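Note that the chains are named A, B, C and D in the order they appear, and that numbering of residues resets to 1 at the start of each chain.
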Amino acid sequence: MNEAVAGVRANVARLHGELVRYGLIVWTAGNVSERVPGADLFVIKPSGVSYDELTADSMILCDLDGNVVPGSEGSGRSPSSDTAAHAYVYRQLPEVGGVVHTHSTYATAWAARGEPIPCTITAMADEFGGEIPVGPFAIIGDDSIGRGIVATLSGHRSRAVLMRGHGVFTIGKDARDAVKAAVMAEDVARTTHIARQGGPAAPLPGGAVDALFARYQNVYGQRTEEGVAR
Amino acid sequence: MNEAVAGVRANVARLHGELVRYGLIVWTAGNVSERVPGADLFVIKPSGVSYDELTADSMILCDLDGNVVPGSEGSGRSPSSDTAAHAYVYRQLPEVGGVVHTHSTYATAWAARGEPIPCTITAMADEFGGEIPVGPFAIIGDDSIGRGIVATLSGHRSRAVLMRGHGVFTIGKDARDAVKAAVMAEDVARTTHIARQGGPAAPLPGGAVDALFARYQNVYGQRTEEGVAR
Amino acid sequence: MNEAVAGVRANVARLHGELVRYGLIVWTAGNVSERVPGADLFVIKPSGVSYDELTADSMILCDLDGNVVPGSEGSGRSPSSDTAAHAYVYRQLPEVGGVVHTHSTYATAWAARGEPIPCTITAMADEFGGEIPVGPFAIIGDDSIGRGIVATLSGHRSRAVLMRGHGVFTIGKDARDAVKAAVMAEDVARTTHIARQGGPAAPLPGGAVDALFARYQNVYGQRTEEGVAR
Amino acid sequence: MNEAVAGVRANVARLHGELVRYGLIVWTAGNVSERVPGADLFVIKPSGVSYDELTADSMILCDLDGNVVPGSEGSGRSPSSDTAAHAYVYRQLPEVGGVVHTHSTYATAWAARGEPIPCTITAMADEFGGEIPVGPFAIIGDDSIGRGIVATLSGHRSRAVLMRGHGVFTIGKDARDAVKAAVMAEDVARTTHIARQGGPAAPLPGGAVDALFARYQNVYGQRTEEGVAR
């Protein structure tokens, strides 16, 4: 178990670097968490720490109620202020192994308007199987955000949800998969925004969306290593 | 005292790198200053020096009237041409420990129109407690800019002010806090601009803004190390 | 022959770095291929592999029907899911030595609307000899994409085609030339989009376009080293 | 003389790196030249060479008619295809010591519409003393581009000109000063574009523009080292 926790700590610390690389976060906004395989535990970023200073040891181990496991405080800091939302998702959705939250620019712009991102390009059909939906406006600090995420993504193919007036949450089979969803959500949010600035862009035909999603989820890449949550 | 000054010099030199990293400045535009704790002094960037060449030693020590302290000219260059504005802020607002000025793209675009940035996303409520206000158009060279900053930020929760037709000034409890405000001001200026390009984005409810601001200022991160000015 | 294949493998692996450098791709989306000189073979990227992990050895050698040459599987992974489209182009257009596919933001935005990019700037006349045309919407998995590329680019000076609702494909005399076309296609897609946001931009006069294209293709640079396909 | 030429070669090679750093150029588009002090000579980039491969030795020495000085071909390549335009500027404007040409995105977008950039922010008044004007559409290959640059900038404070349907040329007292003008031209082109997307932005009052320009040209920075051409 200690070895599994150590591996997850290293993974979560490293994956924050992908959020920086793809320009999804500024300063200390945004966080990645990952479930510890075979345990009711997950690892998350400490609150308010610069991305340059994130190390495996500074990551924080929590139980599925979002409480810090005694002796596992990492840097001695508090866990991310979004910990309750991550914990709620892990409690409700056992197939989810990773959760990511960012305020990435274009996804957050759609969230500020409370407008779902329509599916007008094949990359979005591949990755999200249709539109990216909007969840409710929810104040941080209790289960509201977690409930909004779960309620919105249940019944959707999308691994990303735009929380109204806030930002984007993504889920995946593991943290890397959720980070990929965060990267792709911002990419399609940006492309679709820019497309529409120049005039209308018709949604893809539903049959094509279904075919693209089915192929991508089953055939693309090396599914044993990079599969998706659902 | 000499040790305190040396620490502030190093800090101010280093923090200019954050302005570069987040793309807030080009060439030599933009500057950071920080008050020397326990003294009527502050340290500021020299004028017209490339960010690659900024060292602790080249930073310039000034009194609160903006005069260079004899023997403290650093690189032998003049202090930033915005020194009078920084000095005015330190004279009038004793709780301010750091000041930053940039022409960052999106914040300056709002400033060019003289339009405050409305609070439509939670990150902005957290950081600024509401809209980012607009200060008057003021010509460089006397106290006008400083007076505009102080008059606008007095009575506002915001640590950022858009100076009309010019750019953005931010304040903080220290230079790092003011740099954070500059980074976040550009981030919310960009997101809000892009949101509105796609259609209307309703401001957050006032009660939610108050609750978010109160929580963030009191709970988020590790306040002893990263607190805000007010 | 083995030496020629090794050189093409190294070249294709390296050129993916140019797609990263110019911001044309995120995660594992996008691919470069190159024909092996003097053989009915080409080298292409494996599917779903991070750009950090691409090496010459992990590239995959295919015949012109898109089948992996036995013993040449590189990383043991499947070839890019766009392999059939690349193969079709090499079969139909013997003068093409390189093919690139990306979902670069601005080019894909034009593709999402199904709108050709008009030729309003000299850089576009130089490089593409006129507008960048739009090809049909085509589902991945058979020859449809390849047929759409070939049908659209036959009869056009452009080395780039916007595949409707999908992204951009470019061709060239070799892989470097096709990568250059991908970089320039995104650049002119972005500039033209931004130009039109501010008001109408008249297309260049046809005679000027012809003169610019003729000069650039025949005189510019060092044509023996950097020539174009047609 | 040989020493002076060597210094200019090194300077011109190095300054191309600033165009890359500030994102003003892609692939091999864009060039810097500098006059050799005290001689009727200038140094310019070779045509079609990657920015990674530019060295002092590969730069090319030309006379003021744009002819390569025998024995000074650098890399053995031709000089930039814009050499005639640079040469014309040096012949006609003896106070100019450096010339830069780019297709930077936002400046070129204004050029594509043939619209001057209005002066709505103080940074632009400082640097350009008013609007950035538009020059004629001119085909490459003879003196037309050079004539358009000189005719447009004579009678203007601006060191930058938008050549219609093409891109931007800047001049300066030396190459570094012209590079600074190219960096600032793109910066103000971008900010002004984005400002106007959100609604009207009033030009600054003429008196303020004059005062800002006079102060900046005479007081800012360390004028002996960073002065401007005129």
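Odds and ends about this structure:
In this text, a residue touches a chain if its C-beta (ideal position, glycine included) is under 8 Å from a C-beta of that chain, and two chains touch if they have at least 3 such contacts.
Which chain is which protein? Per UniProt: A, B, C, D = L-ribulose-5-phosphate 4-epimerase.
Note that the structure is predicted; figures quoted are calculated from it, not measured.
Any chain bridging subunit A and subunit B, meaning touching each of them, is missing here; the list is empty.
A rotation of 90 degrees, rounded to a multiple of 5, brings the CA atoms of subunit C into register with those of subunit D. Where the sister copies subunit A and subunit C meet, the same residue numbers recur on both sides for under half of the interface positions. Chain centres here are Cα averages; for subunit A and subunit C they lie 32 Å apart. Our note on geometry: subunit A versus subunit D, Cα centroid distance of 45 Å, whole angstroms.
In subunit C, the residues that touch at least two other chains are 197. Pairs of chains meeting the touch criterion are A-B, A-C, B-D, C-D. For subunit A in complex with subunit B, the residues that touch the partner chain are 26-29, 47-49, 77-78, 81, 103, 105-106, 108-115, 137, 139-141, 165-167, 193, 196-197. Residues of subunit D that touch subunit B in their complex: 22, 120-123, 180, 183-184, 187, 190-192, 194-195, 197-202, 204, 208, 211-212, 215, 219-222, 226.
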